[in-house]
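The chains carry the letters A, B and C, assigned in the order they are written, with residues numbered from 1 in each.
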């Protein structure tokens, strides 16, 4: 029993890092421009398919492919911001929600036409790590490590570089930042690009160990909402912690009740936290 | 001015009234089916509009009221042989009551936080129903064929369901008009524009919002019951499609939020467009993408929707379209 | 009769003492001016009076009834209306509808029809009748200020809280607005007004109280207050205002 719990918990936590990474993109975008990006799921799916295409068509190592996917994700984010978000940024929330949802529909629509909805997978294995009752496939371990690395990268970027500091300034107070001469449109586009990049990278990492379809991003998008709310919307590091909590829950809950109850617990917790503590578990009150 | 105002409110009712009569006179099954879908969305969009358009709260997971209310009503019909009208009223009542309870907690959240919470509620409800024994868990519920006999067999039962839905749609539009032209509606619109200022002017915002939420949840519960009865079965995947929720939002946006006529116009247009895209050989496989482009164009360029745009451009119509 | 009694009202935000033991009374039919340097707690006091914030300590008695800590809408129904410093028109409603909101949900809880005719009267008083059917968003700043006032009046309050209704207006607009304020008082409505335009406040007020760092430092007739050394000291941080105060 204990062995089972340990192994499922470690599974969950390792996955939690990747969940956290996916959610971090959503959280960053919210933090900078209070936009909930409803195209988040399809972007995760595009990250999966991008990795898949470089792997199968160009015979590239998946991790190298993910680097390329990251660059493409960043560029794609710029385009998305310019086309769909910039114009409605100051409109009521419904406009940005629906504008990003329109992108969601477009991506899913095109994706379905191109890839159909049958499952694909990146056929790639690196063996696994054994430690007592715990067995973790190496691909997952690398994914968790990748998530940590990206987080470190993101934080160094936000705190130690000029564009990063500009992002934080704009997140804090857009008008004041503009008065200080920070070009807010460029900074907003960059933040949106980074958010999209994080989603795409998370998708690429997931693709190395789970099969996927164009619709696979959906559940991760929903999980990202839960994680962002747990960790505090707009707090990227909180997102990583939130991811670990969610991963841990997914590992633990099945030990006590049927697996199908996991989403009930997750979304119940989500609504509860939103109502009781909308700033997240770690946020200031 | 008063009489012309009334005209603006009567127009949508008259259109649906004539439309329903026409379908009944024609008596064709396919026409009934397509009209059923259109009426259903008119009802959904119009009731959501009471919360979204008049009160300004974006309920993204509004489909939860369609799903849960529909599940409950269908459960009463299929497992307890309750007649369709009381069952759908019970479905509506459950949704309304749930909105009342949730409203007290969730309506404190504003803007995107509220939208997120409603998404969470919908997902939680879906996951719960998938595990809930009396509702058949993940496989859902079926109606016994014998249940149709009370309505004279399967064919007549479908016509009866259609007539009920037609009536519900009329009632939704009537409710929407009544709310909009009432003192209560004025309070809701004040909340939409500036909730804090509205409260300072004496609008009891917490109570008004909750009542609006309950009204806008009640009708989807009724409509859900009728829809699932028409289908003969219900399962979690069908009942809680976030996508349908968003489609209703799109229809409101398209027609013009905060108007009585807009959601109806939006529902008809959206369904018409989707029907065209799904059957057109060129767009068939890309219908979702094309709808997406269409939606994006509306949001970016005519955010007030068709009715809002017309009202803005041609002042005379302000008195004719409400 | 004392319309409003404020007793030892104290409000803290974290470590900041926004109001300490504020006490004053406002007899029916008067115009009371509330002045003080920026950050003195004037707007916070309004927020406590009309229920936006509950005070940490103290009581607010309105027409003999303790209204401390009631939510804003309950305060409004008892007959306190407020015009905001930063105008907050309900943009997508017409000017008439804006005023009707006040009438429908204010002290008298009028029906729509009654509120509509009441709105006409009020709009005539503030001079916006010809714009009644325009959207509130189409008004200019001075007109929005008047709408703000009309909306507050639409509820037929006993007490009107005016938060810098003169700010941002040009001299002729100020003169017109002052005339309107006098007209409102003549109609029997008691007024408590925050104002930075000293000359105006001194001319129109029956009495003046001065807040500084959340405390009442002076109270009395306008001419008394102006010559109070404490008041001059409070304003010294702001030479321009001191100048105006002395000249006014």
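As a working rule, a contact is a pair of C-beta atoms (placed from the backbone, for glycine too) under 8 Å apart; a residue touches a chain by one contact, two chains touch by 3 or more.
Quantities reported herein were computed from a predicted structural model and do not represent experimental measurements.
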> Any idea which chain sits dead centre by C-alpha averages?
Replying inline: B
>> If I average the CA coordinates per chain, which chain comes out farthest from subunit A?
In response: C
>> Report the inter-centroid distance (CA atoms only) between subunit A and subunit C in whole Å.
In response: 49
>> Roughly how far is subunit B from subunit C, centre to centre by C-alpha average, rounded to an integer in Å?
In response: 43
> Where the centres are mean C-alpha positions, what is the separation of subunit A from subunit B, in Å?
Replying inline: 32
> What residues in subunit A touch two or more of the other chains?
Replying inline: none
> Can you list the subunit A residues touching subunit B in their complex?
Replying inline: 30, 34, 36, 83-84, 87-88, 91-95, 97-99, 101-110, 112-113, 222, 225-226, 229, 233, 258, 260-264, 266-268, 270-271, 274-275, 278
> Okay, in this complex, where on subunit B does subunit A touch?
Replying inline: 52, 56, 58, 60, 105-106, 108-109, 111-113, 115-117, 119-121, 123-124, 126-128, 130-131, 138, 246, 249-250, 253, 285-293, 295-296, 299-300, 303
>> Applying the document's contact rule, which stretches of subunit C touch subunit B when the two form their complex?
In response: 50, 52, 71-73, 76-77, 81-82, 84, 88-93, 97, 100-102, 104-107, 109, 111-112, 115, 151, 155
>> Could you list, by residue number, the parts of subunit B that touch subunit C in their complex?
In response: 181-183, 186-187, 189-190, 192-194, 196-205, 258
